[in-house]
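Paired with chain B in one complex and with chain C in the other, chain A is shared by the two complexes that follow.
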Partner chain A sequence: MPELGRAALIVCLGLAVYAVVAGAIAARERRQRLAESAQNAVVASFATALVASLVLLVGLVQNDFGLVYVADHTSRELPLGYTISAFWGGQEGSLLLWLLILTGFSAVAVLLARRSAPTLLPWSVPILAGVITFFSFMLVAVSSPFGTQAAPPDGAGLNPSLQNPYMLAHPPMLYLGFVGLTIPFAFAMGALIARRSDELWIVVTRRWTLIAWTFLGFGQLLGAHWAYVEVGWGGYFAWDPVENAALMPWLAATAFLHSVMIQEKRGMLKIWNVVLVIGAFALALFGTFLTRSGIISSIHSFTESSIGPWFLGFIGIVLAFSIALVVSRLPLLRSKTRLESPISREATFLYNNLLLVAFCLTILWGVLYPILTEALRGEPVTVGPPYYNFFLKAFGLPLLLLMGIGPLIAWRRASLRGLGRTFVWPAAVALATGAILLALGAGSSIPGLVGYTFCAFVMASIVLEFARGTRARHALGSSSWAGAFSSLIGRNRRRYGGYIVHASIVLLAIGVVGSSAYDTVAERELRPGQTMSVRNYDLRYVDNVTRRGANAQELRAIVEVSRGGERLGTLEPGKNRYFAEQQVSNEAAIRSDRLNGEDLFLVADQIDPDGTLFLKVLVKPLVNVIWIAGFVFLGGALIALWPDAREQRRLAVRYGGREALARA
Partner chain B sequence: MSPELVLGAVLAAAAVVFVAVPFLRASEPPEPETPPDATLAAAEERDRLLAELKELEFDHRTGKITDEDYRSQVYPLRRRAADLLPREAAEDPSEQQFSPPTVPSSRPDR
Partner chain C sequence: MLAVFLVYTSFAGGTPQVRPSQLNGRTGEITLVGKVVAPVQRSGRTIRFRVKDIDRTNAARLPVTYTGSVPDMFKVGRDISLKGRLRNGTFVGESGTLVTKCPSKYSSKES
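Let's turn to the complex of A and B:
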C-alpha cells in the first residue's frame, strides 16, 4: 500500500500548488469559476490527505514492518491503542496528522466561508493552500512516512513514555490547536491583500481562533496530566521548551480573543489584532519547528532530523510576507477612536494584553536564549524553572487580578464612585479569605497567600457579575430566576462563556498554588517491613513483586497507606522493563482524595535486588482542582462557541451585499 | 502496473474532475457582491453604536455606573445613533430589550 500513500500525497501537493496559483489569479482577475475551482482543490486536498492517513493507519494496524515508519514505532506486542497512537508518535506520522488536520480545517473553512464570507474567501484560499503546499511538500520530498524496507521480524516498539492512554488524545488535541491557528491567519492576510477595511475578517477569525485556542488549552491540560501520571517526577509542567512552545501561541491567541472585543466595540487596536493573529500562527509554526528540528533536547521532541532548516525557512517567509503586508496596509488599519479613560473596561483589556504578550515574549526569550548562546558561543546554557516561575508570578498575579477587575468596570469610562460601589463585595470577600488563610497558616508562602486572595477576588467578581446580570434580566420581565439566568447566558454567550473560562483559570490557579506552594516532599530508603510518615500519612513498605504485563515486565513495591490509624489501601509504585523497546520507565502510584483534592504521590526511585526501596513521597494539596479546571474551561469555551442566531442574522445583513443592506 | 498505482491514478483523476467542475458550467457565475466600503463602514458604525448603547444600559442596570455617569454618556451616544437606531431596532425587535429608555433613568444611586 505505500505506493498509494505516496501517490495520495503527491496529488495533495499538486492540488495545493494549483490552489495557490489558480486562487491568486482568480482573486486578482475576479474570475469566479477559477476561484471556485481553487476552492475545490483545497477541499479535494483533504480527501487525498485522508487516503494517505488511512494507508499509514492500515500499515500500523497490520504490523506492516516493510514500512520503515511502522517498524520504527511499533512492535508485535504493542497493544492496539498504542499502535494507533504511533501514527503521531514519530516525526513523519505526526507531520501527516498535521496535514490531515490542516486540509480538514481548510476544507471546512472554505465550505463555511462560501456562505458567510464569499467576498473574502478568494483572497484567503491562496494563503491556506500555501501552508498546505509546504506541509505536503515536506511529506513528499523531505520526511515521508511511506519509506519501505525489507520487513524485519519485529518492530522497535514505541517510546515507553508514549504508552499512556493520554497519548491517544493529547497530541491530536494540540495539533488541532496549532493547525487551527492557520485559518485566522489566512483570513487576516486575505483581508489585507484585498485591502478590506471592514471587519468581516474579524468575524471569521474570531470563531476559528476560539476553536483553536480551546483545543490548544485543553490539549495542554491533557499533556500536563500525562506528564503527572506518566513521567513520574510528581510535577505537571516543567517549563520544557516544547511545553513552552504550546503555551506561547495559546497566550498570543488569548490576547487576541480579548483585544478583538475592543476592535468590535470601539474600532480600536486593528494593527495590534493583526499582529497577534500573525504572532499566534508564527508561534505555532515555531513550536512545530522546536519539536521536530532536534535543536533542543526534550522528552516531548522528536530525534534530530533534516526538516529544521525547511521549517525555519518557512517561518521566515511567513513573517517577512505578513510584516510587509501589514506595513503596506497601515493606512487601512489606523483606528479612528482613542481610549477615553485609563479606568474603563477596554483599558483593562489593554493591560491584560500587555501582560499576556510580555509573558509570552519572556517565555520566547527563555526558549531562544540557550539556542542562541549555544549557536554563538558554543556553550550550552540552561534557562530553568526559576526564571519562568519569577515571570509567572510577576505577570500572572496581575493578570489574575485583572480578570476580577475587568468585569466590574464599565466600558468607556468609570468614576471612582461607581468603582467603589462595584468593588466593595469582591474586595471584602478577598480580604476575608486572605485573613482566614493567614490564620490557618497559609502565610508560609507569601505568593501563595497573595494568589489565593486574588483568586477569591476574581471568583467573587464573577459570581457578582452573574448575580447582577440575572437580577437585571429578571427586572426586564423574565418569568423566573432560572429563566432570567438562562436568558442572561443565552443572549451573550461569549461574555458569560468567557466568565466561566475565567472561573476555570481561577480553579487552575488554586490547584497550581496549592500543589506547588504548599506541597511536601520526602525521600527515604526502606527495607521490607519498615515505615515512614509524611504529613499525616503513614506508609509501610510490605515487599516487592515482579509480574508480566502486556508488553513489559512490571516490578512493583507494595506500600500500605494509612492516615490517623485508618487504613486507606495499598499503592504500588515501581518500574516497567519493556521487551521490544529495551527501555525502563518509572511508574508512579497515586492516591487521590476526592474530598480535599489532595494527592499522595509515590515514586520508587530504585528497587534493589535485596528488596531495598528508595521511595520518594509527595503530598500535593488541591492538585486535582487543576484537572477539574480543564472541564470547566471546556464548558465555558463551548458556551462561548455556541452559535448565536441573532448575531448571525445581524452579520448576514451587514455583509450580505446591497440587497440585504437595502432590506435592513 | 500494481493495483495501488491504479488506485492512485483513480484518486488523481477524481481530484482533477472535482477541481474542473466549476468550468463545466455554461457561463461564468456572478461575482459575490461586495457592499461599498462606505456602506460597510456605516453599517459597522451603526452596529457598534447600538452595542455601545446596550452595554451602557446594561452596565447601568447592573450598577456598574452611576446615574450621573449614565446620563453624561448616553446622550452623546444617542445623538450619534439618532438616524441609524430605528432601522436596526425595526429589523430585530429583540434588540430593543436593552435599548436606551426614552426618558432619562430615574433609578436612584445605591
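Let's turn to the complex of A and C:
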C-alpha cells in the first residue's frame, strides 16, 4: 500500500513538472492543444494526490503501524474521528493535505477558467503547476508520509490537547484559506506575463479570494475559541508566531479585497493590487513555514525538522520571480487616473489599505525580531503582547472608524457640506453612545471607550445604508418593506454582503474590547468552605472530587456560583490526568451569561492533596459576542459570494465575449 | 514607519532569550530558555527545579524557583521558557510567564 502512495506522489510530481514545461511552451508558442494537455495534467495531478491521500487515510483507519506516520500519530484506542484528524496532525500528512487542496483547487480553477477566462489560462497554468511541483517534490523527496517500519504493537497516540472536535475543523479550514490564495496569485502572474493590464484576473478570481479569505478568517476564530476553552488561560489570542502566521496573510487579503474595488471602479492601484496578491500568497507560504520549521520559537531547537530551508528557498524563488515580473511590467500597470481628493471613497480605501498593511508589517516585524536580533547581537530578543496590542489599538481603532466612513462617502471628491449631511446621524449616535458609556463607567479604559464609540458609529452608518437602500427600493415599487429589504440585498449581494461582514467585524471589536479592556482577574488560595468575590460574583469552594473518566483521571474543584444572593449554579474547574499519554491537561470551567454575553472563567491552578485550591477567576465581559461575530461573518461572506446572473451579464458587457459570461 | 517600530521595540521592548550556559551572572530581566531537569520540588504554589541547555552540548544546570500557575505540559524533559532574573545564583521566575513548548509542531501552551 505505501508503495502505491509513494508512486502516486511521484506521478503527481511528474505531471506537475510536465504541466510547467508544456504549459510554458504552449503559452509562448500559442499551441492550443499543448496548452490543453498541460491543463489536463494539472487536473490529473489532483487525481494522484487523491490516491495518495486515500492510501494514508486507509492506513490510519486500519491502524497500520507499519507506516511510521500512523504509528507516530495514532494509537489503537484513539477514537475514529481523531484518527482521521491525525492525517493533518503531523508534518508529512499536513503537507499532503496541502497538496490535496492545492491540486483540487487548481483543477477546479483550470476547468472553470476554460470557459470564463481562456485568455488568462495559458500562463496561469504553469504558475499553478510550479507551486504543485514544489509541494509534491517535498512529499516525494524530503518529507514523505509513506515511510515504513517493522510495525510496533501500538502507536504513540495523539497529543491530548489535540483530541478535541476542533482538530477536525480548524486546520483543514485554515489550509483551505492558505491554499486558496494561490489561485488569485497564479492568475495575477498569468495576466502579467501575458501583458494584460485589465481587471479580468481580479474578476475571475474574486470568489476564490473571498472563499479563501472567509475560510482563513473563520478558521482563526475557531482556533481562538479552541484555545479559549481548551488551553484555558482565559484568553483567545496570544500573538504567538503560529497565530500570527495565519493573521498576516488574512490582513493582506483583507486589504486586497478592498483595493481591487478601486481598480474595478476607477482603474487605479493596479501595481498595488498585484503587489498585495503576491504578498498575501507569500505570507501564506511564510506562515506555514513558520509553523513547521520552528525557526521562530528558538533558532536553536524546539524542532528536529529540516524542512525549513526548502520552504525558505521556495518563498525566495516566488518573491524573486514575482517582483521581477512586476518590475518588468511597470509601464503597463501605471494608471492614468489620479487620486483627486484626500477626502473621497478612493482615499478612504487607500487609508484602509495602508493601515491594514502597516499592521501586517508590524506583526511581521515582531515575528522576525528574534531572528534579526540574534543575527545582530548574538541572542534573540522576543517581543510580547504589549507590543502587538499597542499597534492593534493604533491601527485598529482608525480602521474601525474608516469602516463607517468608507461606505457612505462620495467617490472622487466629497464636499465638506456633503460629509456633514451624510454623517450627522451616525456621528450623533456615536457621541450619544459614548456619553452613556462614560456615565456607566467605561472611562476606565480610554481606548476601550473610543473603540465602543467607533463601533456605534459604524453600526449606525451600516443601518443607515440598509435603511436608505430599502426605502429607495420600496419607492421603486416593492410591495412590502420586507420585500424591498430582501430584493435590495438580492440585487446587490456584493455590497450588502460586505456590509454584513463589516457588522460582524464591529461585533468582533465589541467582544474584543469588552473582554480585554474591561475584564477582571483575581487569584486566591481557598480552603474548602471559603468564599471569594470577584465583581458581583460570589464563589464558594465546596470540596474537590476525583473521578475516573474514559481515558483520564479527572480531578475537579466544586465551586458554587452566586450573584447578588441568587444561586447561579456550580462550576467544576480542574485537571485531567490521561492514562495512555501520561499527561495532565487543564480543564477550565466557563459560565456564559446569556443575557450580557459575559463569561465567568474559572481555572484551578492547583489542587493540593490537603484540599487547598489555588483558584484563578476571570470575568470577561462581552466575550461571547466574538463567537456570534463569527457566524455573522460567515453569513455576510456567503451573501457576497452568492452567484449572481445579473452581475455576470454586466461583466460580460464590460469584458466582452464569452470570457465573462460564464461563472466567475 | 519602520523607524517607529525600531524605536518602539528597542525601548519598550523585548526581553532577550538566554540559555542557562549563557547566563553568566547577568542580573537583568531576561527570558530563560531551556530543558527541565529533575528533581522537581513543590511546596504550595512554588516549584523548584533545574534547567539546562536544550542542545545537549553544555552541562550547565541552573537552579530555578517559580511561584505561579504551572502549565499542564510541564514535566522533566520538557523545553520551557520563563521570564525573570537571576538572584543569588538562582533564577527567579515571574508569575504567569512559564511557557512549555509542545514536542509536536503545534504552538506552545502558556498559563
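In this section, the second predicted complex is superposed on the first by the 642 of 664 C-alpha atoms of A that agree within 3 Å, B and C clash if a C-alpha of one lies under 4 Å from a C-alpha of the other, contacts with A are read in each partner's own complex, and residues count from 1 in each chain.
Please note the rule applied: a contact is a pair of C-beta atoms (placed from the backbone, for glycine too) under 8 Å apart; a residue touches a chain by one contact, two chains touch by 3 or more.
Quick caveat: nothing in here was measured; it's all calculated off a predicted structure.
> Go through the superposed model and pick first if A:Arg206 touches only chain B, second if only chain C, both, or neither.
Neither partner.
> In the superposed arrangement, which partner chain does A:Arg556 touch: chain B (first), chain C (second), both, or neither?
It touches nothing on chain B or chain C.
> Would you sort A:Ala410 into first (chain B), second (chain C), both or neither based on which partner it touches?
Once the two structures are laid over each other on A, A:Ala410 reaches chain B alone.
> So, does A:His502 touch the first partner chain B, the second partner chain C, both, or neither?
neither
> Contacts for A:Arg646 in the overlay, against chain B (first) and chain C (second): which applies, first, second, both or neither?
A:Arg646: touches chain B, not chain C.
> Which residues of chain A are in contact with chain B in one complex and with chain C in the other?
On chain A, no residue contacts both chain B in one structure and chain C in the other.
> Could you please specify the touching residues of chain B with respect to chain A in the complex?
The contact residues of chain B facing chain A are 2, 4-5, 7-9, 11-12, 14-15, 18-23, 25, 28-35, 37, 39-41, 43-45, 47-48, 51-52, 55-56, 58-59, 61-66, 68-69, 73, 87-88, 91-92, 94-95, 97, 110.
> Mind listing the chain A positions that touch chain B in their complex?
Residues 1-4, 6-8, 11, 14-15, 18, 30-34, 36-37, 40-41, 43-44, 47-48, 51, 118-119, 197-200, 264-267, 408-415, 417-418, 421-422, 465, 468-469, 471-472, 475-476, 646, 649-650, 653-655, 657-659, 661, 664 of chain A touch chain B in their complex.
> Quick one: which bits of chain A touch chain C in the complex? Just the residue numbers, please.
On the chain A side, the touching residues are 89-91, 159, 161-162, 231, 233, 238, 240-243, 291-292, 294, 297-298, 300-303, 305, 358, 361-362, 365-366, 369-370, 373, 377, 379-384, 386-387, 390, 525, 575, 583-586, 603, 605-606, 608, 614, 616.
> Touching residues of chain C toward chain A in the complex: what are they?
1-2, 5, 8-9, 12-19, 22, 31, 33, 44-45, 54-55, 69-73, 79, 81, 101-102, 104-111
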